[in-house]
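Quick one: this structure, given as structure tokens, is what I'll be asking you about.
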Amino acid sequence: MVALTDEEKAMRDGRDGDAVAAAMDLLIRYADALGAAHLCETRNVAGTNTQPSPAKTKLFEEGGWSKAFAVISLDCDDDIEVPRMKVPTCQLQHGFGDDALGIMPYSERNIELQADAESFYSSKGVNVLATCTPYQVGNLPTYGEHIAWMESSAVVYANSVLGARTNCEGGASTGSASITGRIPCWGNHLVENRYGSHLIESGLRMTGFQDWGLFGYFVGDAVQEARPVMVGDLGQPDLADLKHFGAAAASSGGVEMYHIPGRTPDAPTLEAAFGRAAPPGPLHYGEAERRAIYDSLNSIGNSEDVDFVLIGCPHASLEQIGRVARALEDRTLSAGTELWVMTPRALRAVSDRNGWTATIERAGGRVLTDSCPAMSRAAPTGTKVFATDSAKQAHYLPAILGIEAWFGTTEECVDAAVTGRWRGSLAPAAVVR
Amino acid sequence: MTGAAGTRLVLRGRGIVPGRVAGRALVSHETISGWGGIEPASGTIIERRHELYGICFTGKVLVFPGAKGSSGWSGFFQSTRLMGTAPLAMVFTNLTTKAALGAIVTRVPTVTEFEDDPVAKIATGDRVEVDADNGLVIVYGPRPGHPR
Amino acid sequence: MVALTDEEKAMRDGRDGDAVAAAMDLLIRYADALGAAHLCETRNVAGTNTQPSPAKTKLFEEGGWSKAFAVISLDCDDDIEVPRMKVPTCQLQHGFGDDALGIMPYSERNIELQADAESFYSSKGVNVLATCTPYQVGNLPTYGEHIAWMESSAVVYANSVLGARTNCEGGASTGSASITGRIPCWGNHLVENRYGSHLIESGLRMTGFQDWGLFGYFVGDAVQEARPVMVGDLGQPDLADLKHFGAAAASSGGVEMYHIPGRTPDAPTLEAAFGRAAPPGPLHYGEAERRAIYDSLNSIGNSEDVDFVLIGCPHASLEQIGRVARALEDRTLSAGTELWVMTPRALRAVSDRNGWTATIERAGGRVLTDSCPAMSRAAPTGTKVFATDSAKQAHYLPAILGIEAWFGTTEECVDAAVTGRWRGSLAPAAVVR
Amino acid sequence: MTGAAGTRLVLRGRGIVPGRVAGRALVSHETISGWGGIEPASGTIIERRHELYGICFTGKVLVFPGAKGSSGWSGFFQSTRLMGTAPLAMVFTNLTTKAALGAIVTRVPTVTEFEDDPVAKIATGDRVEVDADNGLVIVYGPRPGHPR
């Protein structure tokens, strides 16, 4: 049984109202299911309440957003009043917003419902970031900070790259955390569970963004939910590289935490990555493994006529938008092809200011926000074949929409948008001798 | 009850959502995704390369190694409850936050942390009783006395 | 003499044109002055080229922005053509923009000149973030990454909180880095220079944002340019706390790097913070020291009639804006008092969406971007007494504008804006027994 | 030259911006800020609590412990060059990126990394020769032979 502080008992017993009591009840059931010894305090919650779903719509129609919050975010059937968020709580990606109207088969009713939900949650103090990359827009937990986040690609970034501590939370646990400031202290919150479990030895140097995505997809497939430690002469990753790597590893497997000694903060050295345990025998990543992952990500593509290009999964960094804009300067998209760049609305404001949005739109592309095709299950009408530079989107979108996929570099994707044809191929690996 | 006729096997684990139910097992040897993995409206597995692609889990005792994929897992299974398509019970091997929270909000009896791996011991179609109050899963086999 | 790679020699010898050759020449002179053995590669540069100054205006009038870039950013008197940035380069805070027009005594000509400079630099690929907190808006270097940043508060954050590596660079070094991708590998770039030099033992728990600012101001004053290591039962800082702490330490001293064992990534433990050296004898921070810093920051205030309140130095986090909005709900500023919240334009977009900007404006306050009163030497006309929750702004603004200052909590500042009176006082310290 | 009449002291350091000049010293015992510390248009120290508050350094050999404050340091001193208000030379104790880059872009002979601290050895008004080519600062005193 989870041990509670006096403060936590008071919340459970109703001192702060029914909603807080229900939240504590859910957290206690959840902590007990996990076998957590106690709860951690948190001041940083990232969840998703606003995205439309049939179940949510039904609840809203029954009893408004309070009802939807009670059931979905607290697992509570009572009529409760939703209090203000107790701790800073942000909204992650949700469904498409206004900018989607009329450009894809996405329901106007969903857009309206979501806007309404957004107003409701804003009035309760939720910070609507509307992105899967809160760390790109000012929600930057500090090293060792206990946080309660959803979104697998954000969770793996927060744990591994920022050294914050979170499990892969869900709607009810983040909802309950937001009004109590508590989350079960289990799993990734405890140092002893953060050490590496698998050693991956790369014989290749990563030559860029695509390489980091391929490597991440390999690693996730190889270790599933475990905690891989990557060594080798990998080169210096930047934000976009690690964002891409982690999202891929969280898609092909369920990686929530990894170490790259010297490049991620929890492991200055290989030894530190494994704690007191000896590193296990290594798995090798070389040319053949890289090629196999590339081929597997490209096994769903048949037709080389590309209707749709998607950049920005996880949501594009400023550098990525700048790269797309540069690649599209003085070019025009093929008549039958759409190109979308997904980014947080806050970064779209920077893209506008830098003239990147205008360059992309002049070529016929779009910079969209809040969601993505996989999340909202919507691509341009009639899309049969899509291309992306994201291993994660290539993993999910064909399954979700039943379309073909090509995976390549950012520049190959832009080329496909301009020519309407997929002409990508895997560049030679940088083998370390 | 563990001594009833036709009892094949008693698996001992830990109940994480209380309750007792009996029904037919649906066993997945692969982990299950929520988002991109199931369709709550119909209670079916929709991941194209999954061994249970197209199969409905509604009313079944869902036996699986664990949860994978997006953090929406619990939300997707919660939706099955709200849409009336939930499984009857959950029996899984690996305890993670996704699976634990998912089981809780699906509100079905759930047992995990077994001494023996339930995925290896239970077959689709087996009649099983899930006694989450005591952390037990009793496997009766496809029909009483039928050799496997 | 700094050792150059073949690639660097080719740049120096003009292979990539005159501007790149001039940049290499500056970097070589600079590296030799420092005694650097070699240059590091960098893909992340943050500088400031666009802010108007009399010297820059003169150069612009002589030879356009190319001339200004050559002289100020490369220390070169030749007529050169400015190439595109070679590596991702962002623009830090500059002068006030459009949103300042007419609300303060700030020259319209400066605003025009800056907008013109901004277009020029955008066309060269500069990412105009226009903030002293690039890490809040998507420029997030990874652990161990070599970067070339200006802005002391950003430098100390990047080194200490993110574990990236940068010295406190200047206009010419960042200008040269932006078109070469190189910076002298010296100082904070080398692990042996990153260990702690001073031990600060706090007998107080930090109870919030103000406490972190007071503590930072104390630490900077005590260690000047050195590398302090803070221990004690400090509590969990969040982004805003460490942003504030570092900016204060960089103002009262010149701290570029610090460690809080367990809270900053370079030092999981006290021992790790000092490397192979034994920790030196500690300096103590207790109630008396806290009180003395508070009194010193408040020694410039005489009149309790507050004309102006400034929040957001370094530029406000979303949580800070939300706090101000909440404190201003259904209130109205005193007729004679202005309240400004400074934030990056990207976060202002989020503030707008969350309704916070509207709440603040409804009360009579403003959310402004790009700069700050100290940077642009401009406050509302007639300001005699200002109040702020930022130790850094309290340190600089009175000197720059010759006005009186009060330093307090965010809520005390908002109260001063609403009542027109300063009623702040130091809350009791949380003494750790 | 080091043997010339009236020589008081030779300080040995490292020249980081080449050149040789002679002039009067202006000594600050406190570090100097760029932004918020000097006004380039007039070449004066403007930090209110600074020991040299209001003093002009133009044409002087500026002797100081080091640079402090904002990263605009080099830019502010570069502006003194562009506005014609620069010091004649720089002599400082602590080498940092701010001070090194500032000296370079001010383009005045500069020596640092001394065996003896120049701030302790030189007084305001001393005649000094800065020989940055050889890393030397020769201090002649306020007038030849005058005891200090």
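A, B, C and D are the chain letters, set down in written order, and residue numbers restart from 1 in every chain.
By our rule, contacts are C-beta pairs under 8 Å (C-beta built on N, C-alpha and C of every residue); 3 or more make two chains touch, one makes a residue touch a chain.
Small disclaimer: the values here were computed from a predicted structure and weren't measured.
Asks: Not counting subunit A, which chains belong to the same connected group?
Replies: Remove subunit A in thought and the touching groups are B | C, D.
Asks: Using mean CA coordinates as chain centres, what's the gap between subunit B and subunit D in Å?
Replies: 78
Asks: Could you put a whole-Å number on the gap between the CA centroids of subunit C and subunit D?
Replies: Centres of subunit C and subunit D (C-alpha means) sit 27 Å apart.
Asks: Distance between subunit A and subunit D based on Cα centroids, please, to the nearest Å.
Replies: About 54 Å, centre to centre.
Asks: Which of line, ring, star, complete and other names the graph you get from chains that touch?
Replies: Topology of touching chains reads as a line.
Asks: Among all the chains shown, which pairs meet the touch rule set out at the top?
Replies: A-B, A-C, C-D
Asks: Could you please specify the touching residues of subunit A with respect to subunit C in the complex?
Replies: So the residues of subunit A in touch with subunit C come to 41, 43-44, 88, 90, 122-123, 125, 127-130, 135-146, 161, 163, 236-239, 242, 262-266, 317-319, 322, 326, 345-350, 353-355.
Asks: What residues on subunit A touch subunit B, complex-wise?
Replies: Counting only subunit A, the residues touching subunit B are 26, 29-30, 32-35, 48, 53-55, 58-59, 71-72, 75, 149-152, 155, 167-173, 184, 186-187, 224-225, 251, 253-254, 374, 396, 398-400.
Asks: Touching residues of subunit B toward subunit A in the complex: what are they?
Replies: 14, 16-17, 31, 35-36, 40-41, 46-48, 66-75, 78-79, 82-83, 94-98, 100-105, 107, 110
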